[in-house]
Every structure is written in structure tokens, then in C-alpha cells.
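In what follows, subunit A forms one complex with subunit B and a second complex with subunit C.
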Partner chain A sequence: MSTRQPGAARGGKLRAPLLFAAMAALIAIEAATTGWNGALVIVNMGLISAILALGVNMQWGYAGLFNTGVVGFIALGGLGPVLVSMKPTPGAFSAGGWGILIAFAIALVTIMAAVWLNRHLTRMKGLAILAVLIAGFFLYRAVFDPAVAAIQAINPASAGYLGGLGLPTLLSWPLGALLAAGAAWVVGKTALGLRSDYLAVATLGIGEIIVAVLKNEEWLDRGVLNVTGIPRPWPVPYEVDLQADPGFLGRAAAFGLDPVTASTISVKLLYGTLFAAVLLVLIWALQLALNSPWGRMMRAIRDNEVAAEAMGKNVTGRHLQIFILGCAVIGLAGAMMISLDGQMTPSSYNPLRYTFLIWVMVIVGGSGNNWGSVLGGMLIWFVWIKAEVWGPQIMHVVTATLADGALKQHLVDSAPHMRLVMMGLILLLVLRFSPRGLLPEK
Partner chain B sequence: MPDQLLYAMEVTLNGLMAGVMYALVALGFVLIYKASGIFNYAQGVLALFAALTLVGIQQGQVPFAHVINAITGGHLESFGWQLPSILAIGLTAGVMVLLAIVIEKLVLKHLVGQAEIILFMATIGLAYFLEGFGDVMWGADIKTLDVGLPQGINETLESVTDGLFGYGFFVDNLDIVAALVAVALVTALTLFSQYSKQGRALRAVADDHQAALSVGISLRFIWVLVWSIAGIVALVAGIMWGSKSGVQFSLSLIALKALPVLMLGGFTSIPGAIVGGLIIGMGEKLFEFFLGPLIGGATENWFAYVLALVFLVFRPQGLFGERIIERV
Partner chain C sequence: MDILNALVAILNYVVVPATAYGAQLALGALGVTLIYGILRFSNFAHGDTMAFGTAITILITWALQSAGIGFGPLPTALIALPFGIAATALLVLGTDKIVYSYYRKVRAAPVVLTMVSVGVMFLMNGLTRLLIGVDEIKFADGARFLISAQEFKKATGLAEPLAIRSTQAITVITAAIVVAALFWFLAKTRTGKSMRAFSDNEDLALLSGINPSRVVAMTWIIAAALATIAGTLYGLDKSFKAFNYFQLLLPVFAAAIVGGLGNPLGAIAGGFIIAYSEVAVTYAWKKVAMYLIPGFQPDSLLQLLSTEYKFAVSFTILIIVLLFKPTGLFKGKSV
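Right after this comes the complex of A and B.
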């Protein structure tokens, strides 16, 4: 980090509250102009973005670890709701479930055997390991393939996959975090402790691999066929049920709202409360951690690894720890995102949207500062959504006197590009005038 | 000869040709990394932008035609000319130089002395911006680029191999041209950096910024120079990729494929970028050919990264990279 930071901390103590107030004002303006429904959609996804940014900030801001595979961990977290909350496909487990479990056991045993050989053999090591791996691979395929075929043969149009456990959706969030943390453990174990660019390539690769696996393994999540109708988490009802509930209709009438608006808004509010609760718990824990001796150690390691190691700190161990924790938070947010959308679409995970946009959030917010990440997450998401609308609106003011036809067409066409232009401009401007982010680390 | 072997040879040849394409993108990265230590994420987008501009200039599109039409209510479409390829390429190269100057003036100049990661982030910002800007400027539809390069199957090679093995290899003419162009480009770059005054200044800056400054080399001029060269290399890559698969958004994503190429070849070596590209291209195709069916296909998406990781374990500085010594 540079020590030169002109104007970075201008505004002093009031800077953070002021910026958050400005953010709230943006949301309020949005609500006043387009209604609370649209505003709440942005807020909900903004809260999830804030959690994603917190996860990346733990890795980059606390520890200086460069994770370029955020998209993979988000996708893996999204698998949580599919595995936990979907109804099991009738007959799928008896058809192929055991086969798949046995195949995984074979894979596990093979890998463990290879590791054991690697530790204990001295002569003919490479050959023996190769033989074990090849034998294990073919055995695995022999068990795995028929099991997958059996599962995918069950009602392929609407199921064709194992399904979930049919448990409450809330349970799937920790599972999403756990899945991402597991993958992070494997990546971290192999890539950490070496030079820092190992992690960058390893995560870039693992991100691609995870998304490719999710796209192709139809027995697991239906691949590109998508899983739809994922149940909502516990307190959030469906709009249709609310509109049929006389008690709710009475309350809506008391507020002077029609049933449709009232039900959609209250569903979004409930989602928002749930997400905000998770965010608050997380940020409380993270702030405690950051200000504890553990947090000081982390920053010491980040600022000078060699010095920290000389002081007797286990640098690789701490890196592994924070990498896994950060990925768990990312996975948690990935699971929350899927239960907000109600569907899992593996083909929608692309790095520009899910890796580098999260990075923009962290950098713009101020890396190393948790509140900065929250602000960056909300703000960048807000801009990402609204840029589509703003570009044309600015144009509309310029062209107010014109006829609608061709103009409208153009506005619709140019929308996605305005989003990219805006995002680039914001990032460049923030880096230019406040290179350590809007809320720099103290 | 057995069929399988012949197929494998053909796949190898095509893989090498695909590798040349990767190498062309990786070259631009190496140039900027060498001179300024920045990993330029925008290199892929530069190629996209160059290709878009080339098509636009060649076919006489009016830049920002959509916007102008929307504001004035006119119906501007094109200037109505069709420029010869050489002239269009020259003009586009001029645009890339201009772009390099603007980037240096507006972005890089203000970030001197910042941490490398900040500069990297700035190139991400640049990538987002240029991608959107290119689309607004030239329209976002998929364009076909034709600068008169030969395309389609190479008949000579097919008939020769047919005579030799009884099986004609399929190699695209365009790929052969790309290989020749890559050779010419690397030769030119090497000559430039070894024998010209500016080239020597460039290497001096790459060696040691401070020392170069102290003997009167202008850092800002060198940055403009490097970004111009990278822009022109991007133009070459854009022409090749654009002729092969049309000028479209996905062109910018080849930047991600260039990372493993660099890991293999070393971040600071021009021949390394070429060899790395060739290995990745060939390895990818051969792996898919031999092992792809065994493990369910679609290996091309991730094989390059795994290969790069394996390389990192055994040779962290890449094949041709300078030994990295971390000083405390």
C-alpha cells in the first residue's frame, strides 16, 4: 500500500456516516421516483453484494490474498439451496444415489492411497502413484457412469437429477458456505505458501472448473437445464398466499395499499430484513475480529510477511485460515442469492459480473475497511442496475423534443454499454481521486 | 500409418495454430508488464476495440452514428466509402496510438507511485470503459472483418499430406497467415528493442525506473510508447481473431486465456509468450482429443489453468522468465 494518499481521508469522522446517508438518499430517491418495489429489489441484491464484498475484503483487505475465482465460490454456494431445499426426486436415490456415493468413496480412497504412497514409498514412487491413480479412475468411471445414467433417465424433462433433501431453505445457507470453504481448503492447501501469483492462477482456474462442472453434471443440478422453483427461506411467504389471506388483506387495506403491491412489497421487505440481519451479524463479528489481536496479526502479515514470520507467526497457516473464511462468506452470499432468485442457472455465472464486479466493489469502497466494502457493495450494485436506465434518461433530456420511435429503439440498444462505460468511469475516477477507496482503512 | 496417429498429428498442427492466436494476445501483456510491471487486464479489450475500429473505418461507418441520429433525428449511416485494407489498418494504428496518449494523460499519469494492484485495478476500469465505449461508438452487432486474408482449407498442405499419408490434413489458411504474422511481429519487436534508441530506453526503464529517469529518459514518453506498441499488437491480434470468428464481445475474454500462457512463458519474455501460447494451444487440443471423451469433454475451458499450475510448481518464473529474487 502506498503511504501517499492525498485527500483520501478528507471529511474525518463524518465521512462514513455522510457517505452512508448519501447512499440511503439515493435509495429513497429511487423509491420516490420508481416506487418501493424497484428500490427494494436493488436493496436486497445490494445487501448480498455487500456480503460478497465483505468476503473478498477479508481475503484481500485483511490478508492481501488475490482471489480471482470469486465466481466459482459463488456458484458453489448456490448449490447449497439446490441440495438442501429441493424435494428429492422420487426413485432417483435408489436408482443411482448409492452408485454415486460409492464412486466418490472410490475416488477418495484412490487419492488417499496416492498421498500415502507419496509419503511412504521411496523407490518406484512415481510409477506406483500413477498406477493407483489410473486404476482408481477406471474403477470410479465403471461405478459412476451407470449411476448417472440411471438418475438422468428419471423423468428427464422436469427432473433427471438427484434432487435435494426437502429441508428448510435457511439450512442451505450454512451448507453453501461449507461447500465453498471445502473447495477453498483444497485450493489453499495447494496454492498458499508459495508465491502470491500461484493463488491468482489457481483460483482463476478453479473458478472456471467449478462453473464447468456445475454446467455439465446434470445429475447434480440439471446443468444448463436449470433448477427452478427453489423454495423460499423460512419467514418469507409467497405473494399468492398473502393475497389469499384475509388478515393480510385487512392490514393492507388499513395502510391504503392494494393487495398486489402490499404483498410484493412485504415479501421483499422480509427478504431484506433477513439479509440485513445476516449482514449485521457478519460485520459485527468481522469488526471484532479485525480489532482483536488476531486482526492485528493479520494486518501485520499483510504489510510485511517476512517480518511477521520472523516474529514467529505462522504465515501460511493464517493465510489458509483467512482464505477459507473469506470463501465461506462468499459461498454464504451465493446461497442467499439463489434463494432470493428461486432458481439456479449455472450458465449465468461469468467472471466479469461475479468476480471483477465484486473486486470493483471492494476497491471503490476501500479495501481493508469492512464498512467500506458494505458501502461499495451497495453503491456499485445500485449503479450497475441504474446505469441501464440513466444513460437513456440523460439522452432523453437532451432529445426531449424528438419523436419517440427510433429514439426509443436506440435507447434500449445502448443500455448495456452505458452500464460498462459508467462502471469503468467510476472505477477510474475513484482510483484517480481517492486511490484507497471511498472509506480508506485507518 | 494408423488413423489415430494421423488424427493426432492434425490436432497437434491445429493446436499449434490456435496457440499462435493466444501468443498474439499474450505478447501485448508482456510488453506492458516488462516496461511498467502492470498486468494489463485491458489487453483483450484493446484487441476488441482495435478490431471494432478497423471494421468501422474500413466500411466508412460514422462513429457514434446511433447517438448522433438519436439526438439530431438524422439518418447517418456511413460515409459511403470502402477503404482499402492497408489504409484502414494504418488509420486504426493511428487511433491506437492516440488512445495510448489519452490513457497515459488521463489515467496512468495520475497513478505514478501507487501500488501495483491499484494500477491493475485501473486497467480493469479501463477494460470496462473501453468495452462500453467501443460499443457506443461503433454499435454492438457482431461484425465480419475481411481485410483480404486468405481463408478456408489450405489445398497445398492437404494434397501434400494426402500424397504422403493417404489422409489430407485440414489446416486453415488464416492460421498459417497468423503464424507468419506472429513471426514477423516478434522479429520486428526484437529488432526494435535491441537496435533502436527508443528500444534501448524501453529496456532501461524496464530494468530500473529510477536509474532510467536519472539519465534523462522520459518515463511518460516510454509509457505512451509501450501502450502504443501494445495497442498495435492488439490490433494485429484483433485482425486475426476478428477474421477467424467475427468481431464480437467474446473477443475481450481471451484476456483470461492469456494468463496461463504468461505463466508458462514467463511474464517478461517475448519468445516466452510465443512458446507458452504454442504449448497451451497444442496441449489443450491434444488433451481434449485423447482424454476429453474419457472425462466428459469441455476440457478446453480449464486445461490451460491446470497446466499453468503444474508449471508453476516446477518452474515458478516460467520457461523464459527472469529469476525472481525477493529481497527483504
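Right after this comes the complex of A and C.
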């Protein structure tokens, strides 16, 4: 792209270890001031953020694809634990399960018929396709609506949805990745290969739609009623079980901890270990991929599409591939997040928090660098959480000289929104003065 | 009689609201398309520019109201609107100076500028929330109806009412005036012509002595005006809520792309296409069907999609256009 070779980042080989050590120090300070419980909450979500940032970095850092629908793929991944690990609602499948499956089959056949007509018809094409689509839609609704009503009628206060398969939660993580990859295929197939901003707008749309579906399709995930009590993944135990376990109590006493603190910290540590393991496996695979001929091809395409195409590379095909893979990683993280929270709350999926914040993480960390994404994910998550506390504190200092009144009250009340301003500033400053991020691509 | 009733029902529940909504979307899409055509990037901060402009307009409206200044039967917000536009224009000119101008100088790729606009979006979003909070605000005052349901029923003797809210009428009239003024400006004035020349071919425009900073500043001012007007009209018609304005980004972008990015006429057509489809698909057609087909008693509401899925409509239209006519219905740019 540019002919000017940027100088090596300051710190050279030690830069990454030093920055990660600084990050660890931040966490340690947090633990020393507010306790390990709070610090570990930040660490666990930071690890998930790091995986999310890795997924976005694959798309942006390796291929220059601008995905603005991250929130949708996270939410879709979160559907994985609901579908896999919840107990099936008794009688729900026999009441409406088949109806819903048949309705989906009708929808699929309709779309395939429309595609076939589009390829094979020459005259009256538009009319024929429209007729097939309309007929298919009404047939679909005729089968789908009664099935949904039947499912939602079952014990609506606590169930009213199909439920899951009752399988171990760990199995749901790959399913979450698969769901997100499927949605990514649909979007990528239509919007890739066109102008770059079209993908941005199309993904913005699919993000909104996925969240809308999860909010409204009660037969699937209870919509805004939320699914709670999603089982924890193996090997994470429940705090109450630990507190009843004499062996655990003995070990806690040996460390000089009271049972409640010991159990909550152990659970969080186990979650953290599990997430860190996933993160390390992903990084290992991604580093291998990035340094393989495939990775070099991806970067060649990113840096000069025309030249890569002239060398016989299938640019659109590779873009589709990396887009789907990136979304799968995002979906995986979405599923992990739901099994950490233990509940699915579709109304909490806010694009500012789940799309654009992830982007800030990638840019700040250093796009194109996997370790940079991890650092950015941890750091920006930390800042985002702390900004909620810092905002009002800063505002109190700023308004200290102001007389008490409506203005001061308004400023203090709206201080939590400061963190949006802060994120915007961070993003703009990094883009302007250090576009390669904290850990630049080599 | 029944056919008349059906027509009135369609007018009342589909045509009138969709026309007002379409006018609002068209104004929003015009701003997006102008920025795309001249500054050559997709501005993700446009929704939040709309929100910011509306927030300022609301604050000034409140100040005017508490000072006892009104606009008779028209909403006070219309007096406040020029001030809102001025404040928003200052804000975007400032952002351009501090943020965007650097990337123009280094000739950054459009996608980098789009990324920068995400940063600006965060800033403006936070700023709007700091200014006015996150709650829903209704600020329409003045006369409520141009034609009220009661009057219409009494005058015509039809069973179906037709109500046109004054905000809907104001929206359409204001939008028509603004669009006419914009097209006059682009077609007839020297600055407008230089903007079009700049959009068509930047290098040629620069060679013929067009001052780029003037063109850029003018574009931002017009975009700010369009955004503020669109946002205020939307807020008058429905209500103001910062997050809803952020969500308007999708239909606004869909309208601009459907019409052909960079093509002002296309943006207007796109706005109305999106608005009419959205309202028609989410409207419950039961009543109309009962009027048109005597003796028909459907069990369902005959609603194609529930209103929560209105974004799916913009998205579907967008995808169809991308599949079959990637440069939009009207010829747009394809940088």
C-alpha cells in the first residue's frame, strides 16, 4: 500500500511481553483494590472479548472486510447453548416441532424453486418467481403459525418454547460457531465481490435482523422472556455444590479463605482456564494459518486485490472463506459468553457494545496481529468496565466548582455516557496517530 | 361503499404514514448519498448526526416554549430548526477540520474513512446522550390534526376514518421544499455546479480551478442541514430517542444504496420504496380484505410480518437490489 516502510515499533521484541505484563499489572491492581472476584469477572469477559476481537481481526486484519453485524453473530452463537444444553420442554416437539421443521422445509423448497426459475426461465421470469415466492410464503405461514401457537401454549410462564436437547454445554460451542457461519455464508454470498461498503451495510442489516428474530421468536428462545438457568460447561461446578463438599471446604480452610469467597473464586478461575485454553488453541491455529501459504495469499489479496487477481487468486472466494471463518469464531465466543452468564437475554444485544466496541479492540490492539487483538480485547474491556466508574468520578471533579443546581445534577447523572465519548476518542486517536495499533503487524 | 372504505383504510394506515416516513428517509438518504458522492465514504455517523441535530433543536424548542414563544398552529420546533441546523453544521465542520481532513490529505482508502466515521459515531452518540439523555421525548406542539378522524367520518359518512396528523403534513411539505431547494442549488448555482463536477471527476474539477475545501465545507453544511431536518421531522412525527436514530442508519443506507449511492434522485426514490414496503409488509390487511371480499372472515390479521421485523424489509430489498442491480435502481457510483 504505502511505499514508506514504517519503522519497527518501539520496544522491539520485548514490546508484546511488556504490554501484556502491563495488562496483568492492571488486573492485579484491580484485584488489590476491589478484590479477586471483581477482577476475575473482568478477566473472564476480557478473554471472551479477546476471542471476539480475534474473529473480527481475521476479517479486517487479514482481509480488510468491514463487518458491522458482529452483534448478530454473537447473538446467534449464543443460541447454541440454548438449543443444546437446555432440557427439552415436555410435549413441545410433538405439539409443534414437526410443524416448524416442515415449514422450514417449505421455505427452503420455495427459495430453491425461485433460484431454479431464475436460472432456467427466460420469459415471464419476474412474474413466475414472484408467484412462487408469494405462494411459498403463504404456505409457510399456514404451517408455521399453528405450530408456533401450539408450542407457546405449553406452560408459557416458565417454558413456552421448544427447549434444547439436554446435551452437555461444551457441545454447544461448536454449534454456536456453526450457526454464525451459516448466517455469514448467506450474507457473504450476496454482499461480497461488490463494493467494500456494501458488506458493511449488509452486515449491519443482518445483525439487526438476527437480534430481532431472537427477541421475537418465543418458540425458539422465549424472546424477551429470556432463557435462564443454562447449565454450566464441564468442568465448572456450582458454588452451592462446592460449599457442601467437605473436601473443598478443607482445602479452602487450608488457604485461609471462607467457603463463599473460595467457591466463587474457584468457579471463576475454572471458567477463566477454560476460556484461556480455547483462546490459546485458536491463536495457535491462527498463527499457523497466517504463516502458511494461505495466510500470505490472504495478505496479498488485502494489500492489492487487483494484483492478486491477476496472479489467478479467487479474491471473492477467499473473502467469503475468511468472512465465514471469522464469523464462526465470533459465534463461538457468543456461545461461550452465554454459558458464562448462564442466561440468554436477547434484549441486551446492543450494537454499540457488541459490534463497535469489538472494533475499537481490534484497532487499538493492532489490526492484522493476533496477539494485538488479544491485548486490545482485554485492555478495552477493562477500560469499558472501569469507565463506568471513572466517568462519574471525573464528572464530580469537573463539576466541583459548579453551584448545585439542575445543570450540575444533569451532568452528574449523564456521566455514565462518558464512556461512549471515551471510546470514540480512543478509536479516533489511535486511527490518527498510531493506525497500526499497540502491537503492529510484522 | 365498501371499496371506498377499503381505499380510505389503505390511505389512512399505509399511504399517509408511509409517505411521511418516506420523506424522512429520503432526506436522511440524501445526506448519506451527498457525502458518499463528494467525500467518497459511507458515513456511519449520519444517524447520530440526525440525533444530535434533533437534540439541539429540542433543547431550543424547550427554551422557546418556556419563554412563551410559539408558532401558532405549527410546532415550535420549526422555529428552533435553523438554530439546530447551525449548531450541527458547526459540529460537523469542526469534526471535518479535526478528524476527516487529515485522511483526505493522505488520500486514505474509503474503508478507513468509514472506520473513522465509526469513531465519530461513538463521539456524537455519547455527546447526544450527555446533552439530552436516553429517554423517549415527545416535543410536537401546535395543532394535532390537519384532518381528524371524527371530522372525516362526519363529513363523508364513511365507516373508516382518515386522519392526517399535522406533523405528517408538515413533514411532506418541508421535505418537498428542501428537496426542491437542494436540486435548484445543485443545478443552478455556481457552488452547486462545482459540487457536481467534484463528484463526477475530482481531478478534472481540481484542474479547472474548483476550490476543494469550499466544496467539502458546503457538502458538510448541506449534509448537516438535511440530517437535522430529517431527524426533527422524524421526531415530530414519532418521538425522539437517541437509540432509534442510530437504528435509522439501516433504512437510510438501504434507501441510498437502492437508489444508487451518489445519486440524489435515487436517494429520494429509495427512501419512498423502503418506506412503502416497510409499512405495507407490516400492516395488518384484515380490515381491507374484509371490505374488498364480501363475507370473508379471516382468522389471522393478514399481517405479512410483525412490526418488529421492519428492518428485515429494508434488508431484503437491499439484498435483492445488490443481487440484481448492484449500482442501484438509478445509476449510482461504483468506486
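Annotations
The criterion applied here is as follows: the second predicted complex is superposed on the first by the 399 of 442 C-alpha atoms of A that agree within 3 Å, B and C clash if a C-alpha of one lies under 4 Å from a C-alpha of the other, contacts with A are read in each partner's own complex, and residues count from 1 in each chain.
Operating definition for what follows: a contact is a pair of C-beta atoms (placed from the backbone, for glycine too) under 8 Å apart; a residue touches a chain by one contact, two chains touch by 3 or more.
Computed from a prediction, not measured in an experiment: that's the story for all the values here.
Contact with both subunit B and subunit C is seen for A:418 once the two complexes are overlaid on the shared chain. In the overlay built on the shared chain, the residue A:185 is in contact with neither subunit B nor subunit C. In the superposed model, A:306 makes contact with subunit B only, not with subunit C.
In the superposition on chain A, A:208 contacts both subunit B and subunit C.
In the overlay built on the shared chain, the residue A:248 is in contact with neither subunit B nor subunit C. Touched by subunit B in one complex and by subunit C in the other are residues 66, 190-191, 194-195, 197-198, 200-202, 204-206, 208-209, 212, 215-216, 351, 356, 359-360, 363, 411, 413-414, 417-425, 427-428, 431-432, 435 of subunit A. Listing the residues of subunit B that touch subunit A in their complex gives 66-67, 69-71, 73, 106-107, 110-111, 113-115, 117-118, 121-122, 124-133, 135-136, 140, 256, 259-260, 263, 294, 296-298, 301-302, 304-306, 308-309, 312-313, 316, 324, 328.
Within the complex, the subunit A residues that touch subunit C are 64, 66, 68, 137, 145, 190-191, 194-198, 200-202, 204-206, 208-209, 212-213, 215-216, 351-352, 356, 359-360, 363, 411, 413-414, 417-425, 427-428, 431-432, 435. Every residue of subunit C that touches subunit A in the complex is listed here, in rising order: 41-42, 44, 99, 102, 110-112, 114-116, 118-127, 129-130, 133-134, 246-247, 249-250, 253-254, 257, 261, 300, 304, 306, 308-309, 311-312, 314-315, 318-319, 322-323, 326, 334-335. Note for the complex: subunit A touches subunit B at residues 1-2, 4, 66, 141, 190-191, 194-195, 197-198, 200-202, 204-206, 208-209, 212, 215-216, 306, 351, 356, 359-360, 363, 395, 398-399, 402-403, 406-407, 410-411, 413-414, 416-428, 431-432, 435.
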